[in-house]
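Across the two complexes that follow, chain A remains constant while its partner is chain B and subsequently chain C.
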Partner chain A sequence: MRKRKILVQTVNGVSKSFKKQRSLEDSLKQFEEVFKGDDSFRVRHFASVSQDKTIKFCLLYLDGMVDPDILDTSIINPIIRTDFSDDSIPGADVIISQVITNHCAKKSRDSQELMLAIVRGDSVLLLDNSIDAIIVSSQGWKSRTPSEPEGEKLIRGPREGFVEPILDNLSLIRRRLSTPDLKYKEMVIGTRTKTKVGLVYIAGIANEQILNELIERIKKVEMDGIVLAGMLAEFIQDAPYSPFETIGFTERPDVAVADLLEGRIIVLVDGTSEALTLPYLFEKFFQSGDDYSLNYVFSTFSRLLRILSFWLTILAPALYVALMTYHQEMIPTSLFMSILAAREGVPFPTIVETIGLLLVFEILREAGIRMNISLANALSILGALVLGTAAVEARIVSATVIIVVALTGLTGLMTQKIKAPIVVIRAFLTLLAGFMGLYGILYGIIIVTLHMCSIRSFGVPYMMEYTSLNPEELKDTAMRAPIWFLKKRPKFIAKNRIRQTDRSRQR
Partner chain B sequence: MKKRYRVALLILVNIFSAFLLTSCWNYREPDNLTLVRGLAIDPTEEGKFFLSVETADMHQAGPEGKVKSTVIETEGETMFDAVRNAVLVNVPRLYWSHATVVFISQKLAEEGVLKITDFLIRDAETRLDVHPIIYKGEEAKEIFDVKPISAELVSEEVMDLLHAQKSTSKTLHVQMFEFLERLANEGISPVMPVITTKENKGQKTLKLSGLALFKKDKLVGYLDEEDTKFYCFAIDEVDGGLLVVDVETEGKQGKITLEILNSGTRFKAKYKENKVTIEMKISVRASMNDVQIPGFPAEEKDFDIIMQMASQQLKYDIENVIKKVQVMNTDVFGFGSLVKRQLPKVWKEIGKDWDSIFKELEVEVSADVEIAHTGLLKKSIKRGD
Partner chain C sequence: MQKEVISQKQAILLITTFIMGIGVTAGIGGVSKQDVWLAMLISMAASTIIIAVFCRIIKLFPQTDLFNLLDMLFGKIVGRIIALIFTWYAFHVGMVLISTISEFIRIVSLDSTPQCVITLVTGIVIAYAVRCGIEAVGRWVTIFFPVIIVISLSLTLLAINMYDYDRLKPFLYDGFKPVLQDAFTLISRPFAETVIFLGIAGCFQKSSNPYKIFYYSMLIGGFYLLQVSVRTIILIGTGNTSIQMFPPYVTVRLIKLGDFIQRIELIGAVSIVTSVFTKATAYLFFVSKGVSHLLNMDSYHVISTPVVLLTAAYSLFLFDNAVYVTEWAEKIFPLYALPYQILLPIIIWIAAEIKARKGKSNSGQNLSTANNNAGA
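Presenting the complex of A and B:
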C-alpha cells in the first residue's frame, strides 16, 4: 500500500481536556486564544442573580452560524430567570436537565469537542468553577430549499433534489423510506474541515462485506479537507486510474432510495448536494429514473438508444477515419463520391481534420458548460456560424466531418454520465483508426472491453449484468422488463435478493 | 511496481506487434485516388492493350456534388502495365474497388479474354463483382462517347440498364465471379451480356443486345434479345419478362401478351442405350396483360386454348435456341455439368467427348404456361355496334 503522510493536526495550544475545576475567566481565556483573529467569535456574559449569590455564565458562539432565537429563548432566558438560591453551585447536569429548554444539550470537558462544536454552529455554555461545559445545539443558517436538480431532469417523477446540509438530505431519503432498518452511520473526515460523511443503507438488504470494506476505506482517508463528494469518491473507488467511474452519484433522493432498495449503499457528504451510490456497475450509465415511470416498451427503446449512442459517440469519428483512409472499398460508391465531392479542396489529411474538429467541439462544449447564460448565445452563434458554415465554405474542413463530429457530439450529450471514459476511448480509437484502420478500431475495442471486464466496484464485477447469461439478471440491463418481472435484486450487491412476491401481479 | 511495468511492457509489445501484423496499413488519403467506375479494353495493332478508364471526377463537383465523367486513355504491353502507365497521364492513382463494368471489345474477346481477366482477378483492389460486358462495335472506347440519358457516367448507366433487365429477361446479369465459375467448370461455357450503341433521336445511346457466347475464353457467337429470353428459360434464370403469343382459333387471330409472374425449370439427364438425353420441364405462371383480339377470350375454354398455344410456342422457341447454340457448339446451357451432377458415372466415360455429344444432344423440352389472372379486365372490351 501507499504510505500516507499523516496530517493530523490539533487545535493550536490547547491541552486535551480540562484537568481541574477553574474559574470562568480561565476557561474563557483558553477559547479566546484559539479564536483570536476571528471577529465573528462572540462571548456573551450573563448571570443568574438570586438573593444570596450571583452565578456567572458565559455563552460562546460564532456569529452567523447560530440562530439567535434559540440562544435567547432556550439558554439565556431560562438561566437568567432561574433562581439558583437553593443549590450551592449548580452542576452541568442540573442545568441541562432543569434549566436549558433546548432539545439537544450535552456536557463535555473535551476542549477539542467544544471547539468543534463552536465551529459547527453550536454554542458552548461555560460555567463558573466547573470542570464541564455544555454544548447546546443552536445551528441556524440559511440553506436553500430542495429544488429539481438541473443535471438530472426527469419527465415524470418528484421535483425534489438533494441540498447541501447532510441531515436535510438524510431526511429527504428517510421520508421516502419509513423503516427503522434504514441506518445512518456518520463518520468525520478531513483533519481541518471535519466534514461529516454519512453512510446510508438498509440493514438486512445491504451486503455487510461491502459496508465494512467501505468503512475501512473511508477510515483510511487522511486529508486536510474533503470539500466535495467527488473528492471522497476518488479516495475510495476501485480502479482509481481508470477513466471509468466505479462510484455513481445522484442528486435525486428518489434515485437514491431506489438504489438503497437494490441493496446499494449511499454516501452523503456534508456540503455537497449529491449522494454517492455504490457499488456502481456499468449498466447504471444507461439507466434513468424515467425508465421506471414510463412504459416498459418505451423505456427499453430509450435504453437501446442510449447504448447505440454510446457506440456511435465512441466509434463515429474512428469509423469515418478508418473507412476514408484505409477501406474506401467499404463505402457505398455513391456515398463515397459525395464525400469526395465535399472533401474537394480541403487541405488537411482526414485524420488531422477529424481530430482537430473533435477538439474544437470539446472546446466549445467546455466553454459553454460553465458559461453565463447571456454569453451562451454568443457561443452558439460562434460555434454554429464559424464552424458550421464558414469553415465549410472556406474549405478548411469538409461538411462530412462536421456531420460526423456533430453526430458524435449529439450522441455524446445523450450519454453525459459516461463523459470521461467516452472522451478517452474516442480519442484512443480515432488515433488507432488513423494508424491501422478498422483493424486498429477492433484492437482498441478489445483493449477497452478487457479493461472494463477487469474492473470491479467494491468486489462486484463492473460488467456483471452485461456479461451474464442468466435471464434473471438481464431483465434490467439493455431492456427494462415490466416492474413485476424484477423479482430479484442484483447478485453480490444485495444480501437478501427477493424483492417481491409472485403475488404482486396476479389476476 | 514491478508487476505494473511488466503489464505495461506487455501492452506495448502487443501494440507494436499489432502494427506489424496488419495486412492493410497503407494510409491513403481519398483525395489522392481516382475513382474508377468503368473500363473499356481494346487491342492495338501492335498487340498491346489500349485502356479507356472512365473515372468519376469530383474535382469540379462543388457543393452540389455533381459528378463528371472523365476518361483516361492509356496503353501498355499487359493489362497491369497499361494501368500503371495511367500515372503518366494522371497523377492520383487509379482506385479500382468501385469499378463496376468492364467493356471488352469484340475483337479482343474473339482472341480470348483470359489475358484481361487475370489482372482483374489477381489485383487486390479490383473486385470479382464487376460486370464484364462485350462491346459489339468497332472499338470499345467508343462507348464512352455516348451521352448517357439518366446517369452522369456511362458505367453507371450500363449498370442501371443491366439491373433493370429483370423485367424483360432479355439479357443475363453476369458478374466476373460467375463468368469465372463457368469458365473453370467442366460441361458449361460462359456468357457475357452484349452492349452496342444506337441512334436515339439523333444522339448515340446505349443498348443492351442479348448475349455473347464463349467457348473456353473465346467469343464464338451471339444470341439476340429474343433468343436470350428463351435461353434464360433454358437455364432457369427468368424472373420476369413477356411472352407474346400468336393466337389463331376459330377464325379469330391476333397477339396476346402474357407477363411472366414466375417461372421454374426442372432438368433431368437420362442415359439410355448409350445415349444421353436431357429432359427440361418449364412451368410458367403468367398474367394476361395485353389482348389484341376483340371479344376473345370469351369463355373458360378460351383460356385453355391460349395456355396451350403459349406452351407450344414457348417449347418451340426454346428448342430453336438450343439448336442455334448447338450449331455454335458451345454448351452455355450447362447440360454437361448437369450430366456430371446427375450421372457422374456416365460423365466419367463420355466427359471428354462432350463437345461432339453436345452437338447432337437431344433435349426434350416441355413447357406449361398457366394464366393466373387477367389484369383489371375480366373480358375483353366489346365493340358496340
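Presenting the complex of A and C:
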C-alpha cells in the first residue's frame, strides 16, 4: 500500500497548487515561490498613470519562450498609454476587451492553469486588487523550416516534412486538405511534460469506433512524460508484445493526407516530427509515396521487388543453412561442388558460420548508424577488407556465406520499415533451419504467418487486404492498380467507402 | 470475447485444403489401381448425399456449433455423451494425422532425428495455430492455399514430358468391384471427413451459404486429388504406386529440368505438409472446442495447448510404424469412421428437422430460446 502511494506521488509530479491572492504583491510572491531557482523567470512591473491614480500591473514570463515584440506592442504599450481615470478599478474583462491588442487573451484564477501558461511560453498579467489574472498568448521560439525528411525521400513529390511544433504540423496537413470536415482533437499526456497530442481525422470518413477506441486508450496513459511519438505508440498499439508494428510513422504531410483520405487517423505529438497513422496494416510496409506518382506498371514492379526482398532477407540464411545441412541433393551438383570447395578448411558448421556472420553484419549496421559520419571510411575498410576478405582468406568463413549474408543485408536495407520483425524472424528461421531443415523453415513460416493473421490494428485485421480475396481490396496491395481503379477506401477503416465517381476517367 | 467469423471464401479454402490433406500416404487408389480416377469421380458423386446432410444441419441452425446444437436437440446429458464421442473421434484422427506428418518428415528427410522431436515440434506449431483461433487460420489458409496450388500445378506441368498415358489402361481390368471399394474408402476419407466442420460452422459468416461452402470445396479438393492421383499413376505406374510409401512424393523426385532443377521433391513436400497440417489443425480445433464445451469453459483458446500437446504425445504410441498407419487408414478407417461420418450426422439431421418444424409451429419460441442457450 505504502509503496503504491510513493509511486503515485512520483508519477504525479505536479507542483503544488495555491489559491491566488487579491493583492498584486501577495500573488507575485506566490509565483516567485513556485519559480524559485529558475533564473529565466522574468517579472516586469509597470503602471498606468492617470491624473488621480496609479494602477500597477505586473507581467510574468519565461525568457526565451516568448516573443518580446508581442509583449511590447500588445500588452505593455497599450496599458501604459490607456487612461483609466473614468473607471474606478479596471477589471480583467475590461482590460481584455478594451486594452490588450493580442489576438488571444483570457482571464483565469486557477493557479495550475496560470503556471502551465507561463511554462508553455504564454505570459501572465497580474492585476492589482483582482483575483483574476490574464493569460496572453505570446509564444515565440525558433523552429526549423519544413525540410524533406531524410528517412522518407521520394523521387517525385513534395519536399516538405513535418517539424516539431504540433500546430505547424497541423497547418502542413490543413494546407493540403481544405475542408471543415478535417477535425483536430487535442489531448494532453504526461503529468510533467504536459505534452500536447492531437488527433487529426476527417469527419464522415474516419470510423468513429476506431476514433473512440483511440481516445479511450490515450486517456488511460498515465506517465510522467511522453517525449517521442514512439513512446505513445507503444502505449496504445495492439499486440504490444509482437515485433510487428501496428501503428505507422510518417514524417511526410502528403503521406499523412493520403492516409486521412483513406479514413485513417493521424496522431500528432508535440515536439516530434513524426506523425502516427492508424490503423496500420501489413501492406503499408511495402507502399511508398513514389508508387502513386510513378507509372503503375513500374510501381507494381517495385512493390513486388520489395515483397520479394522481404522474403529473401528473412529466408536467405535459413535456406542456405537448411540446404547445406540437410538437403544437399537439392543443390545442382556443380554448384554444390564449388560451395564445397569454398568451404574446404572452414572449421565451423554452417549454422555457426551463418549466425556468426549475420551477427557481424548487424554490428556493422548498428555501428554505422550510431557513429560520427567522419568515421565512415574507417568502418567500410574494417567491414569490407578486414572482416570480409581476410576472414575468407584465413579460411575462417567460406565465401559463400559472405555472399548469402550480403544478400540478406542488401535486401534488408530495402525493407527498412520492417526492421524489427525481420531481425527476429530471420534469427528464428535460421535456428529452425539448423534444427529441422526445410521443414523447420516451413513450420517457422507457418508460425509467423499465423501470428500476422491473428494480430489486429485497432480492430482491423493486420493482413485484411491480403487475405480477404476480394479483388476490390487487392488492388492496392502487392500490385498498384491505376489510380482510377481504386474506387473504394479500405474496408473497416473508412466509414464511407466510395472515393471517386465512375466518371472520373472516361474509358 | 469477440465472436470469431470466417468469410465464405475463407471457409471454402479451409475445407478445400482440408480435403487436399489426404495426399501423403498411399491412401488413394490402393485397390482400384489405374481406375482410381473413376473411383474418385464415383466417390465425389456419392459423397454429395452425405454432404447435403451436413449442409442441411447448418442451414437449419446457422451460427450454431455442433456442441450447442447437440445440447439443444438431445438435452444436456445425451447431447454431451454424443459430443464426447465426436470429440474422441476427432482426438483419435488428430493423433493419426500428427503421427502421419512426423513419420513422413522423419522417413523422407530427417532420418536421424528422433521421432518424438519432430512430433513435439509439429504439436507446438499446431497448438499455436489452434490458439490463434479459427479466424486467424481462416486468413492464414488464404495465404498458403495459392502456394499449395501453384506448387502442385507447376509440378504437374514440369513432369509433362514423362507422362505415359498407357499406364491408365486396361480400363476396368479387375471388374467394377475394386473401383467401388476404393470409392467407398474415398468417401470416408476425405469427403465425409468434413463432418468435423460442423463443429466450426458457428464461425461461418451469417450471409454465407453452407451448400456453396461444402460443394465448392468438395469439387476443388476432389479435382486436386484426382489430378495428383492420376499424375502419380501415369508417371510411375500402378506397380510402383503400390509399393511406394508416399507415391505422390516420389513422383516429384523424377522431375528434372536441365541440370539445374532436380530433386525438388522437398518443394512438393511443402504442399503436402501444409495441407496435412491444416487438416490436423481443423481436427484439433474440434477437439479443443469439444473439450472446452464438455468442461463448460468460455473459450477454447486456453485449453488448446494442453489438448494439442496431449494429442501429439499420444500419437507417439499410436502406431508402431508408417506401414501400419497406411494399413489402418486404408482398411480400418472407412469402417471405423462410419458412425461418426454417416450414422450420427443422419440422426442429428433428423432430430434437427423435427426440432425446426416444432419451433416453427410454436411461432419460433423454442428456436429463439434455443438460440439464446447457444449464445450463452
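The definition used in the following text is that the second predicted complex is superposed on the first by the 485 of 507 C-alpha atoms of A that agree within 3 Å, B and C clash if a C-alpha of one lies under 4 Å from a C-alpha of the other, contacts with A are read in each partner's own complex, and residues count from 1 in each chain.
Going forward, a residue touches a chain if its C-beta (ideal position, glycine included) is under 8 Å from a C-beta of that chain, and two chains touch if they have at least 3 such contacts.
Keep in mind that this is a model prediction, so the values were computed, not measured.
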{"item": "Superposition on chain A - do chain B and chain C clash or fit", "value": "clash"}
{"item": "Contacts of A:T325 with chain B and chain C, given as first, second, both or neither", "value": "first"}
{"item": "Touching partner for A:T350 - first (chain B), second (chain C), both, neither", "value": "first"}
{"item": "Partner chain(s) touched by A:L340 [first = chain B, second = chain C, both, neither]", "value": "first"}
{"item": "Chain B versus chain C as contact partner of A:Y443, first or second or both or neither", "value": "both"}
{"item": "First, second, both or neither for A:P317, with chain B first and chain C second", "value": "neither"}
{"item": "From 43-51, 115-123 or 367-375, the chain C stretch with C-alpha clashes against chain B", "value": "115-123"}
{"item": "Interface residues of chain A shared between complexes with chain B and chain C", "value": "326-327, 329, 333, 435-440, 443, 447"}
{"item": "For the chain C and chain A complex, residues of the former touching the latter", "value": "7, 9-10, 13, 105, 109-110, 113, 118, 121-122, 125, 128-129, 132-133, 135-137, 139-140, 142-144, 259-260, 262-264, 266, 269-270, 273-274, 277"}
{"item": "List of chain B residues in touch with chain A within their complex", "value": "11, 18-19, 22-31, 33, 35, 37, 56, 58-59, 61-63, 65-67, 95, 97-98, 100, 125, 127"}
{"item": "Chain A residues touching chain B - in the complex, by the definition given at the top", "value": "324-329, 333, 336-344, 346, 349-351, 399, 434-440, 443, 447"}
{"item": "Residues of chain A that touch chain C when the two form their complex", "value": "326-327, 329-330, 332-334, 435-440, 442-443, 446-447, 449-451, 453-454, 461, 463, 466-469"}
